[in-house]
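Next come two complexes built around chain A: one with chain B, the other with chain C.
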Partner chain A sequence: MKKKLSENILDKFSIDFLRNQVLKNAYGNDDTVIARLDPRILLAWYLFFGLTPWFVSDLWFLSACFLLVLVTTVLARVAGLVLLLFAVGVFTQTGYLLIVSLFFGGDASTIIPLLILTLKVATCSLASVTVFSGLDPDRLSNGLMWYGCPERLSFSISYAYRILPMLMEEFQNILLSFRMRGNAPAHDTFFGKIRYLFYQVKIVMHAFYPLMLNTAKRSRTTVEALEIKGYRYAAVNKTVKKMKLASLRVTYNDWLFLSVSFLLVAVAILLSTLF
Partner chain B sequence: MNIIEVENLTYSYPAAKSPILRNISLTVEKGDFLAVVGNNGCGKSTFCKTLNGLIPHFTDGDFEGSVKVDGLPTLEADVGTLACKVGYVYQDFENQIVRPTVLDDASYACLNYAMPDYIKKGRQALSMCGLEGRESDYIWQLSGGQTHLLALAGVLSLQPDVLILDEPIAQLDPGHAGKIYEVLKELNEVHGKTILVIEHHTEYIADYCKHVMLMRDGGVAWKLPTAEALRRVEELKECNIFPPQVTIAAHKLKQEGKLSKEQSLPTTIPEGKTAFRTFSFYPDATPKKKQAAAGEAIVEFRGVSASYRSVKGDDRAVFDGLNLEIHRGEKIALIGSNGAGKSTLMKMMVGLRRPSAGDILLGGESIQKMGTEQLSRSVSLVYQNPEEMFIKDSIRADIAYAMQVRGVKNWSERTDGLLARFRLTQLQERDGRLLSGGQMRRASLAIGIALNPQILLLDEPTANLDIATRKEIMQTLSDLRDITETVLIATHDMQLVCEWAQRIVVLCGGKVVADGPRDAIFGDSALLTAVGIRPPEIFTMGQALDSRALCYTIEDFLHHFKELPQ
Partner chain C sequence: MQLSKKQTATQSQKLMVFVLTMALYGLATLFTELIPSFQAGIVEFSVEYFLFIPLSLAMLFDPLSAALGAATGELVFSEIMLGQFGGLGELEKFLTVTIGVYIAGRMVQNPKNRKMVGIAAITGTGLQLLMGTVVDILKVQFAVEDFEAVAGLPESVYATEGFAFLNDFLFSGILFCLLPTLFLVPKLYGKIEPLLGMRPRDEKTCLGKISAKVVIGCIAAFAVALGAELLATSGTPLIEWEAAWAESRTALAVGLVVAAAIAVAAIAALKVRAGKMQAVEQ
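On to the complex of A and B.
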């Protein structure tokens, strides 16, 4: 186990793994309950659960919201990497304070405010994770477009997901070139390991230059192809926007989803007034 | 009726000193299947881009003369209108695909031009390209050939009358290449599309195209019916175009006076059968000398399994219990269709990918215990895409890098030597990415052998090259024979396989399905059909005349086939 942990970051956290996680996150869960919801409804839902927790400090309300977004996150089958980033994020924001305060003689009076802050951060993050990771990029960008976001933004979102895997593969190959031809410092000792880590960070930075040049070379064709495919016409054409949005439909499930969320929030508010 | 009419077209790119297209006048009839051939840099792609209006609407420059498509002058129409008349599939077609799913990409252009039935049009285009049933697939689930078909469907959805394809089969294995041309043939014959292809593979031109246009120095040298065009052997060779091997063989026989003057040169195998009907096969009198016994095994694959992570569901297995031994001094060709695992096998040998089960031994030791840096001292891999090997800003720095960081003595002199050997001395300060295809390939080979590896692995060293450059690289590879002991090449290029390899390993479905010298592989016609290998044309010609004949090169053929004494 120890040996495994000390293996280099590139092995553990390979670009191949990252690429897979990005794809999984974007497209690997298009058959979940969350993914089938209407993006407009989901965005409105997000607006509520992403904003209100900041203005409310009631423990009942926050716990209920947290539970709800926890369930939606599970339902959305979010990729592992995103959840890990979430956990690390919440911990470094506030979670560590909670532990530190316990060590230094904190009691309920310190724990409760910290718990509330942690719940706020966690609820908002999980709501974002549900919406942005549970929906595939195309449905998400259609939803944003309906709310009047410019066409360019929504195209960029889906194109980014189209191009990202290619970029990562290219980046991986360039890194491999460095690994095959480079000469990494020996990393048996502790200082060796630190040197090795620095070496790898340096390589990652060096690899950006060829990546950018190769991407520039590729993008020529893409730009011309977009021109031929009428991307510029569509950006200013209202009919096209309508056609794109025609696929959006609010169904029975959407109302059910909203009602359940609403009911839960209502119960939480009721409980907090009772106790 | 003429669908394309070009009059006195002269064009130069912005800031270029001299025009790239000079005074072109040309007409193309509706329903034609035209091959555009010519030397590198003679303006083939530029010419094709004037037809869909990218030039001069998207790329400026000096544009004189007129181009009319279906009666519409391109100067007056905009790119959108022209896109509905002329479709263009790029050589680097994967960059042309902008949407994540298949149907989405196929119908994207129609959607952008606000056609209400865009989904239907996209579906129609997909079915014309043989991609029905893949509508909701993501584009990274497609093979190389299918991706090309999707790029084609993307332009077909606008229902253009003219289709232009820039080197459609350069990156594909023969099975996929045949499929593409069958689709084009149907589009041409059944749907009445006019098709222009920029193509180097004259066997495909002979089989599918109706006319051939030769471009030289930015002008049109001639446009002729295919058979007539391919018979102009000398003229084509001057422009670095190599006519079908059957034609070249017949041409040589004619020059030697062994084929009658009246016999017109054959361009396809059926024609060859008639032309060579009086020839018969003379086997070698002495049996071939036995191959030297193989050296000791330096690489062993023992029950190796490997798989890729997939986005959904189970991982996709590439190998399942693969066993293979590579001996010192062997020159091995690794063949198999796109996705058979050739690149994966090579990546495992340099430790860039770990097997999920089994073990790989290098010189008797498991490579699991060796780091990449240690492995790369004995094994070197040259990627299919040379751009990914250029990590410095000049090729000199790229070649020197590995020797420099490892403190190889006299690395500077060695770099000079390598530059000279690969004829790169003049170019040494240039960035690798800005070189031509052949120069990039030579530079990547120089980088690959800089550390004097025991084993050299080359992934598709001749892909994406025109035939002349390919010949040059093949020459370089045979020069390498004496420098590097053991060489393994993964390739679709059967001419390279036949002329270079001593041993051929055929991969199919994650297993080695055949392994042996070329006679054993190419002599087994059942195997060739099963795995989808298309032998060099001259080999097929020999087989068609006499099933005992195993002729791999034109010289072999001329040596073994002689006219019956009267």
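On to the complex of A and C.
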């Protein structure tokens, strides 16, 4: 039973699964309400919900913000893996701290500040999940560029999403060829298992050697192709930037989204003064 | 003046190094983000650290491009792609990774010298980890109000952070940074450079020893990182501002009602308008 369960989990956690999840996260949900909003508006919205929770420790306000970003996360239809990572991340940031501080003689009074801290962390990360995985990478990088982020960054985002599937596949192929030619140590005994683990780690490290060489070749090709198109001059040219950003449009939906968020926050502040 | 004379790479080659490091380190951090760590007793075994990739590339190529590429790769692949972007706080990680990798890359003059490669790798890793630990401790101190008053919290923060540092440094640092770098750098030396159309680094083409300027620059960058992280975490000014404001409750309530009313009115107007527009189109 136990063996079956672990095999099942390992099956699910293959590189293919990871690749699919990442791709789904990037391109799988461009028909949601969030994805259709203007990236500039969303980034401004994120700036508010990613920063203000840190400065406020009012429980009403924090809960309202948390609820709001929870709803937007559901609307953005974020991939399951990302949500799992979010949960694990929040736990390791504060839950772990709670256990240790209980160990050091803390009591129930430790919980309240930590709860507030958890709410803050959760709100900020959910807001970022909404914006950064809800948006199409191209729209996201356009939005960032409009705010004057360096061209390098928006280039990196677009490039990353395109190169990642290829890189993952190549890495997997290298690993498979290592496995085909290699002789893995037997892993039935305890020490055998440890040796097997070290063997696996060693193979992953070794696999980076051919991957580095291949990627070096590929990045030279990429940069040369960019140079042919005059990338380094275009990156700093204002006219080119204007042409690139011409597709961005703020619609009524964006304003609606902003004002609904604002209304919720206002109500939360009102509640916190009343009670 | 001397730097420009000694320039070892053209702009496009620097871009190549940037792209190379970004893609590779991004991929690696994506894995570390996804692979769960497992705990054996109190020692955490996680494949936390693929820092050996930017480290070895920084020792072979232009250190600054490699360092910036690594930091950008981590930001883009594991933070933005997975939606874990932490806003201003990410600046801290970005800068500490850049500093660690850059220093390690500058330390090595001849990649064939294994001893120096090892020293540089462990120094870069340790530097990055140490800066992260300092920032983390200060962060919790600022984020939780009455830090000292919460029972058991200060000790637990020092204990967990200090332990995490030692754990990372001894386990991940040696196993995942030192050993792979020692393996990769001599192996890649002379093979990977021609692929980018460069000459391998030796005493003549290296950027020279670490000068006071580099150290001061790194300290300044760390200060910026610390400031950004604390700014992202600490809320002192706004909390005080809010407390002062909350004294006059009526004013606050009125302001809020007005704001909410404006919001509602805006929504209503927009809805009506949008409806009209659609009617016209049809």
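We take it that the second predicted complex is superposed on the first by the 247 of 275 C-alpha atoms of A that agree within 3 Å, B and C clash if a C-alpha of one lies under 4 Å from a C-alpha of the other, contacts with A are read in each partner's own complex, and residues count from 1 in each chain.
Everything below uses one rule, namely that a contact is a pair of C-beta atoms (placed from the backbone, for glycine too) under 8 Å apart; a residue touches a chain by one contact, two chains touch by 3 or more.
Keep in mind it's a predicted model, so treat the numbers as computed, not measured.
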Note to self: For the combined arrangement obtained by superposing on chain A, do chain B and chain C clash, or do they fit?
What the structure shows: fit
Notebook entry, point to check: Touching A:159, do we find chain B (first), chain C (second), both, or neither?
Noted result: both
Margin query: Quick check for you: in the superposed arrangement, does A:124 touch first (chain B), second (chain C), both or neither?
Written below: second
Next item on the list: Considering only touches as defined above, state whether A:267 meets chain B (first), chain C (second), both or neither.
Entry: second
Next item on the list: Have a look at where A:50 lands relative to chain B and chain C in the superposition and call it first, second, both or neither.
Entry: second
Next item on the list: May I ask you to decide whether A:138 touches chain B, chain C, both, or neither, giving the answer as first, second, both or neither?
Entry: first
Notebook entry, point to check: Counting only touches as set out at the top, which of chain B and chain C does A:201 meet: first, second, both, neither?
Noted result: second
Next item on the list: Look at A:225 in the shared chain and tell me whether it touches chain B only, chain C only, both, or neither; answer first, second, both or neither.
Entry: first
Checklist line | Touch count on chain A, higher of chain B and chain C | finding: C
Next item on the list: Considering only touches as defined above, state whether A:256 meets chain B (first), chain C (second), both or neither.
Entry: second
Check: Taking the superposition as given, does A:173 touch the first partner, chain B, the second, chain C, both, or neither?
Finding: first
Next item on the list: With both structures superposed on the shared chain, find the angle between the C-alpha centres of chain B and chain C as seen from the C-alpha centre of chain A, to the nearest 10 degrees.
Entry: 100
Check: Just how close are chain B and chain C at their nearest CA atoms in the overlay, in Å?
Finding: 7
Next item on the list: Overlap the chain B and chain C contact sets on chain A and report the shared residues.
Entry: 26, 137, 159, 161, 206, 209, 213, 217-220, 222, 224, 226-227
Check: What does chain A use to touch chain C in their complex?
Finding: 18, 22, 25-26, 46-47, 50-52, 54-58, 78, 81-82, 85-86, 88-89, 96-97, 100-107, 109-110, 113-114, 117, 120, 124-125, 128-134, 137, 140, 152-153, 156-157, 159-161, 163-164, 167-168, 171, 201, 204-206, 208-209, 211-213, 215-220, 222-224, 226-227, 232, 252, 255-256, 259-260, 262-263, 266-267, 269-270, 273-274
Next item on the list: Report the residues of chain C in contact with chain A in the complex, numbered from low to high.
Entry: 11-12, 15-20, 22-24, 26-28, 30-31, 33-34, 36, 47, 52-53, 56-57, 72-73, 75-77, 79-88, 140, 143-146, 150-153, 155-157, 159-160, 175-176, 179-180, 183-184, 187-188, 191-192, 195-197, 232-235, 237-239, 242, 246, 249, 252-253, 256-257, 259-260, 263-264, 266-267, 270-271, 273-274
Check: Which bits of chain A are touching chain B when the two form their complex?
Finding: 16-17, 20, 23-24, 26-28, 137-138, 158-159, 161-162, 165-166, 170, 173-174, 176-184, 206-207, 209-210, 213-214, 217-222, 224-231, 233-234, 237, 239-240, 243-244
Notebook entry, point to check: In the complex of these two chains, what residues of chain B are touching chain A?
Noted result: 52, 54, 58, 79-80, 83, 88, 90, 92, 94-100, 104, 108-109, 111-114, 116, 118, 138-140, 154-155, 309, 311-312, 350, 352, 371-373, 376, 380-381, 383, 385, 387-391, 393, 401-402, 405-407, 431, 433, 447, 450-451
